[in-house]
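In what follows, a structure is listed as structure tokens, so that the remarks can point back to it.
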Amino acid sequence: MTVSVQTEDFNAAAEIAALIAGRTDVGAVVTFTGVVRGDNGGRDLVAMTLEHYPGMTNAELEAIEAESHARWPLQASRIIHRVGELPVGANIVLVVTCSPHRHAAFQAAEFLMDYLKTQAPFWKKETFADGTSRWVDASDGDDAARLRWTQTSGA
Amino acid sequence: MTVSVQTEDFNAAAEIAALIAGRTDVGAVVTFTGVVRGDNGGRDLVAMTLEHYPGMTNAELEAIEAESHARWPLQASRIIHRVGELPVGANIVLVVTCSPHRHAAFQAAEFLMDYLKTQAPFWKKETFADGTSRWVDASDGDDAARLRWTQTSGA
Amino acid sequence: MAETNTITLRYFAWVREKTGRAEERVSLSPSVQTVAELLAWLKSRGPEYADAFARPGVIRVAIDQRHVKPDTAIADAREIAFFPPVTGG
Amino acid sequence: MAETNTITLRYFAWVREKTGRAEERVSLSPSVQTVAELLAWLKSRGPEYADAFARPGVIRVAIDQRHVKPDTAIADAREIAFFPPVTGG
């Protein structure tokens, strides 16, 4: 269980390798990578700037990660969230989950993303080709996605 | 959309990079990696040997991949399955899905794994530390996992 | 009864841009007991605050780096942060 | 009516190990019309086949590299494969 908030890029394969190194009990590894899309709302995006709340961010990510380990039999996990200005095509976020079985790894990774997107103090600002910029609005779909996990056992 | 059956290892990050290279519309990438576990049924596993049905395997994987693209808005995907003798800790299978949105990428990756595990002609033989070996039995849980997708829209 | 509580206020994303500052230290009147009362007081502090806190319902609040609700008591908070709904990931 | 159909049979995993061969070419009698009839005929071919096909219900069959069911007609199949339920992934 580790979380990082950083400006640097990450490498999913290196993170997987670090999580399972020396272990012989991991059977399933799921990763989610979020990437800056260039086609936001029909306007030409050139960059996404990620602001966060230092201090709170790590604590919040650690709490979300701990909750995922309480819900599923995870052997290891990793959350990396980038901040600062990121060009189109850049990685934003990486979540990795390791479990003996695939369903738990899939469920936990989706849970982590749904909670991260609605609970962790990050904010995205879009900069467009015409020089304008705007703060991204929170999505009702993200709230609905998170609420799924409060209505089922999640197992 | 590409599938590979190979003895060589794979690198999840390199596969992700190849799928999204030159694209600006991918927002979510999910990978699943299956790994040889050493603790199978309480006995010490030393290797897993993967046999397959050349000719049928690729066609079956391509059919499964095409079905996933029919069900979800995927922009790219990749299936790599290794064959031959694999030691504990080795990668067995990689599935990668790319979509504008995370839920589709998660669902499609889980669908691909559930179908691959029940439809693609691969067979696992376990070799234990005491020199004995046995063919892995198919899992009822895998059949149940696949049947989920025939009962819902999957979207 | 007359003692004041000096705390750090922090602003993020468009709340920061509208107030024109990332953080400040303020002394709160003892009459400001809850998050909702603090939001109402902030809104009264000038045009830039009136703009930032025009719709208090969309502002999220964290006390000492934990999410709180409008009826949460400020009590002996050291740091209170104000920000829009989060949009990371 | 007396013509025979020569096809390739392929065996995988423990079906291959029990029959002792990976593939063979056979001429089928016209009376063998379906997959189930073929499985019954195979079982009668000797002790190693009797062992491999002792429980035909657990054997999966593919005709020309597509999954088929016991009542599927063999028709003009070129290649028929027999294997246990798959366990990849």
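Letters A, B, C and D mark the chains as written, and numbering starts fresh at 1 in each.
The rule we apply is simple: a residue touches a chain if its C-beta (ideal position, glycine included) is under 8 Å from a C-beta of that chain, and two chains touch if they have at least 3 such contacts.
These numbers were taken from a predicted model, which means no experiment stands behind them.
Visitor: What is the minimum number of touch steps required to go from subunit A to subunit C?
Guide: Each step joins two touching chains, and the minimum needed here is 1.
Visitor: Could you leave subunit A out and let me know how the rest splits into touching groups, if at all?
Guide: In the absence of subunit A, as far as touching goes, the chains form B, D | C.
Visitor: When the C-alpha atoms of subunit A and subunit B are each averaged to a single point, how far apart are the two points in Å?
Guide: 22
Visitor: Centroid of subunit B to centroid of subunit D, CA atoms only: how many Å?
Guide: 27
Visitor: From the mean C-alpha coordinate of subunit C to that of subunit D, what's the distance rounded to whole Å?
Guide: About 75 Å, centre to centre.
Visitor: If you average the CA atoms of subunit B and of subunit C, how many Å lie between those two points?
Guide: 49
Visitor: Please set out, as single numbers or ranges, the residues of subunit D touching at least two other chains.
Guide: There are none in subunit D.
Visitor: Subunit A: which residues touch two or more other chains?
Guide: Residues 34, 113 of subunit A touch two or more partner chains.
Visitor: Pairwise, which chains touch?
Guide: Chains touch in the following pairs: A-B, A-C, B-D.
Visitor: In the complex of these two chains, what residues of subunit B are touching subunit D?
Guide: The touching residues are 34, 50-53, 55-56, 59, 81, 92-93, 113, 116-125, 135-139, 142.
Visitor: Under the definition above, what is the set of subunit B residues touching subunit A in their complex?
Guide: 11-14, 16, 20, 23-39, 88-89, 100, 102-103, 105-106, 109-110, 113, 145
Visitor: Show me the residue ranges of subunit D that touch subunit B in the complex, using the header's touch definition.
Guide: Checking each residue of subunit D against subunit B gives 10, 12-14, 62, 65-67, 81, 83-89.
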